[in-house]
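Take a look at the structure set out below.
Labels run A, B, C and D following the written order; every chain starts at residue 1.
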Amino acid sequence: MTHDVMSGGQPIQQPDDTRALLETIYQQARAIEGGEVASYIPALAEVAPEQCALTLATLDGQSVSVGDAAQRFSIQSISKIFGLMLAMERVGESLWERVQMEPSGQPFNSIVQLEWEKGIPRNPMINAGAILVADVLVSRYSASKNAVLSLVRQLCGADDVFADGRVHQSEMAHGHRNAALAHLMKSFGNIEADVDEVLDHYFWQCALTMSTQQLARSFAFLANRGVCPFSQKRIVARRDAQRINAILSTSGMYDQSGEFAFTVGVPAKSGVGGGIVAVVPDYGVIAAWSPKLNHYGNSQRGLYMIREVATRLGLSVY
Amino acid sequence: MTHDVMSGGQPIQQPDDTRALLETIYQQARAIEGGEVASYIPALAEVAPEQCALTLATLDGQSVSVGDAAQRFSIQSISKIFGLMLAMERVGESLWERVQMEPSGQPFNSIVQLEWEKGIPRNPMINAGAILVADVLVSRYSASKNAVLSLVRQLCGADDVFADGRVHQSEMAHGHRNAALAHLMKSFGNIEADVDEVLDHYFWQCALTMSTQQLARSFAFLANRGVCPFSQKRIVARRDAQRINAILSTSGMYDQSGEFAFTVGVPAKSGVGGGIVAVVPDYGVIAAWSPKLNHYGNSQRGLYMIREVATRLGLSVY
Amino acid sequence: MTHDVMSGGQPIQQPDDTRALLETIYQQARAIEGGEVASYIPALAEVAPEQCALTLATLDGQSVSVGDAAQRFSIQSISKIFGLMLAMERVGESLWERVQMEPSGQPFNSIVQLEWEKGIPRNPMINAGAILVADVLVSRYSASKNAVLSLVRQLCGADDVFADGRVHQSEMAHGHRNAALAHLMKSFGNIEADVDEVLDHYFWQCALTMSTQQLARSFAFLANRGVCPFSQKRIVARRDAQRINAILSTSGMYDQSGEFAFTVGVPAKSGVGGGIVAVVPDYGVIAAWSPKLNHYGNSQRGLYMIREVATRLGLSVY
Amino acid sequence: MTHDVMSGGQPIQQPDDTRALLETIYQQARAIEGGEVASYIPALAEVAPEQCALTLATLDGQSVSVGDAAQRFSIQSISKIFGLMLAMERVGESLWERVQMEPSGQPFNSIVQLEWEKGIPRNPMINAGAILVADVLVSRYSASKNAVLSLVRQLCGADDVFADGRVHQSEMAHGHRNAALAHLMKSFGNIEADVDEVLDHYFWQCALTMSTQQLARSFAFLANRGVCPFSQKRIVARRDAQRINAILSTSGMYDQSGEFAFTVGVPAKSGVGGGIVAVVPDYGVIAAWSPKLNHYGNSQRGLYMIREVATRLGLSVY
């Protein structure tokens, strides 16, 4: 394999090479110390901290995994992409009158910025923006949770994706900052439905559990101009796939998004459950998971694995 | 590999088609009303407002232009890329201890964010970051202006690139907000040289005048993994070309960067002189110019032309 | 009457003179145009806007009124003083670990400042501070509303003081900004009780209705070093009376507190129902009411009446 | 009227008692450990840290001192009152269009608030406000420093008050945050004169050196409705004396102003040189000095001495 060949567009890896590469990176990641499991709710704090998984799914339909790649975990903010897709489908361009598409330059849960922007969240990847999206779903779908479940199950090709009830309830009980964001938006007239109902959907969605194998498969359409490479079904319009990738590029990795673009250079989304999904247009999806987080809330080992795969395979879009 | 393959497999445009496409887009742009010429200094306010130019330079060495593409204008913030390149070369990774690489989520001249971040600018494309970069140049080069001139002249292949002395002096006299940013960084210990000397370099650099033809040629190396496609000389390491493109993607278009990524999807930098340069990795550079600005400070017609070229040619990196 | 004599400590007004002075000021106030009745809830917006009342109660037990001084109105933020008194009594100095005593320099409902200060309100007169005080009452009194009612009825000498149920319910339904403040404090661990219960007490307390005659009598103890001049009962310690007056001086008039100190110079508290109560240490209390508010949320005519009485009688404490 | 009557009716202190009281308080203050001498410029950092002084000047012309009360020190921000007096005299009410009179709720050198308020400082006691006042002096007086010197020498009755040249120069060299404030105001059009000239006046004024004896005498007119009790000359109008006292009450003690009102209850101004001057209307002035500061920038021992004198003599205006 060489970087140059790869970036010329030809496949550079045979499956065996890919597996060996992923295995090497996975073993290196497992040696990384430090980081903290998310502890703001007990249900998340109890996860076995050393678990680690890496999956690479390419557009030719191959999927290679190492580690705990079949183990399901709380996908948390990664679920924001599912919500966004459904809201874009339902309300179209008018969505962008209620939420911007600009990077925030602020922590993911900043209430200061929301106040300045008069209740209009900076983008749908920060919490306020995702809560607004949840309001769209609750207001415009007769059964918003079912709509999400249908989408997710279709994308990952599994009928048994569920939300973790204990995580869901625990978030409800401890989610006072998110409640503050929702009430502030409501006070600006930017939430239509009942605040408690919106928060219920939002926390439920965050509590979905999936494995890296499922995540890699679910987001492959974003690398394939909107078409699922496994089912060949069009999931979203090509333009919308590019738009979602653009938002992930500027805003997907919390307040480390710029550094991630700088050092890795692909659209990605992370969650405090320790998962990260990276989309490589015209190539495939890398999904990584390990529960211990850096101080930005991104998985420490996950970041390492994504960065190494992207760098060694020359996957930067820039 | 060709861009055609990348964007879906079909050949899109022959050279003649390209000229016709640019001409069409240029004529449409000229019909756009509204916007305001930058008026914060008299020297900029006096430019003929209806001027308009568009250049597309591709990696095969072709360059196609329409409109006032040989007319030089004040490149303003586009010059920040030149400064950044020289600072990266001179101080390496240590640069990133003094300036971050995160999108700002704030106006380009925000002093609030600089205060919160204790004098560490969010990125080198906002004014504070570019002033920090100017401090590096003034402190580490024996003749910082000459260093910039040499680089620019080499990149655009012209020996007669100069700063406009009247713009330079006018900025010095009216640049109190930038002076505030510089003094605030100095108070945090993040400016080494004399503040007046740093500002002199910064304003001088912003006053450089170039045409869209020169800009397109100058930035072609960023689309070509660091190698100038005209001279075949390596300008920066491949990794640094990707890094600069990443910063442009998240932070190049002021507080419209997210929307630009969303709707256009390529790294770009704009200046209040009305110029915009967009880098399409593995394809080429689009440079546009027209003086009237929207309220973000981006050229109204310039934005239109860049977006149309990118969209019609399918150039989004996402 | 002369200013000098007054400020030398002697009574300068005979009762008849006082009545004539108040009548003159009242008539001038009624001629003032402009201002807007609080309209954020229907129940407040429906009040007859031209009503106007002025009462001066002095420490010798006299009380002189003009206008609609027996008409009860929604005292709103004036109630924050009653809540504060009960919280100070119940938890003593430890209260000041949970709320500061500094002027805010921000709108009364600023969520930005509350975020910066990590959920510790700047003072008990802004909404966040008063909600925190409500949390103390709800947590530490078996029947917090009864505790407030008992205090208020004792102070004003009337058994029929009530909260307006319609205003109370209307505030509950529209109080999303206050809910955001409460949830944000809860997320910082600075609210003990259930958020909904705290908000219920807070909104109920704001919905108390009293007349200027009742308000003037109720706050006379603050002008009399803690002793009610009518009943001769000590209400609070002398030091606490001074402390409450100090807080009113720096923070009682919303974001117009500094100007009020500058132009009037006495401790005072205002409410969006249009009431203002001013405490003149060692002299008495001025209570004014008229529903139309200036853009700070202070009664326009009320401000005029208080300022004129204080200025003409030379009552500034400075 | 006498102060004794005001504070409850009983005579409190004979002169001998006063000296004994001050001596007791002074000795207690000297036992207080902790705090830090201002170290942002070398010239201030070198002062002998254990020095301590206390002066009480009453309106009957008495002045009692203990400790290093004849020792001159850098009065720093206390000088803001002198500047304000001259600006009020020269431009009258129009001053308040360029600076507000509201407490800031922010650190004394906040640039964030100045940005929000579009270059209009919150009050003349924070740095931005005092720099604005310096602009008025520089613009409207032919020799602004002489104007200040004349005023100060008249007030304290000494011809040999000077600025410390070394402190002045040192502030100039290190005052980048103040320079940032000045340039930001200039960028908003709220500074008329040359920024360097304004800063030169401002830093010079801060470098004035006076003793507690001189300070107590200088500010006695503020306690006496504008008339100097020593010379019987009217210094400012009665209304202006009250207004200055009002500003000191809400904004004189940096971000500890509210707590100071709460616990002490008199108008006061402090400086980072360790001096504090407290004005007791109709009674006199307390001046204290000791160089070690608490984290708000107020003298630790100075605060103790002022509070004890005010509390034991019952001097709160509230």
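The rule we apply is simple: contacts are C-beta pairs under 8 Å (C-beta built on N, C-alpha and C of every residue); 3 or more make two chains touch, one makes a residue touch a chain.
The structure displayed is predicted, hence computed values, not measured ones.
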Averaging each chain's C-alpha atoms to get its centre, pick out the one most distant from chain B.
-> C
Interchain centroid distance [CA atoms averaged], chain B/chain C, Å | 56
Would you kindly tell me how far, in whole Å, the mean C-alpha position of chain B lies from that of chain A?
-> 31
Taking each chain's centre as its mean C-alpha position, how far apart are chain B and chain D in Å?
-> 49
Using the touch rule from the top of the page, what residues of chain D touch 2 or more other chains?
-> none
For this entry, which pairs of chains touch?
-> A-B, A-C, B-D, C-D
Would you pull the chain A residues touching chain B in the complex into a rising list?
-> 3, 7-9, 100-106, 113, 122-123, 225, 241-243, 245-247, 249-251, 255-259, 261-263, 265, 267, 281-282, 316-318
Please name which positions on chain A make contact with chain C in the complex.
-> 110-112, 115-116, 176-177, 179-184, 186-187, 195
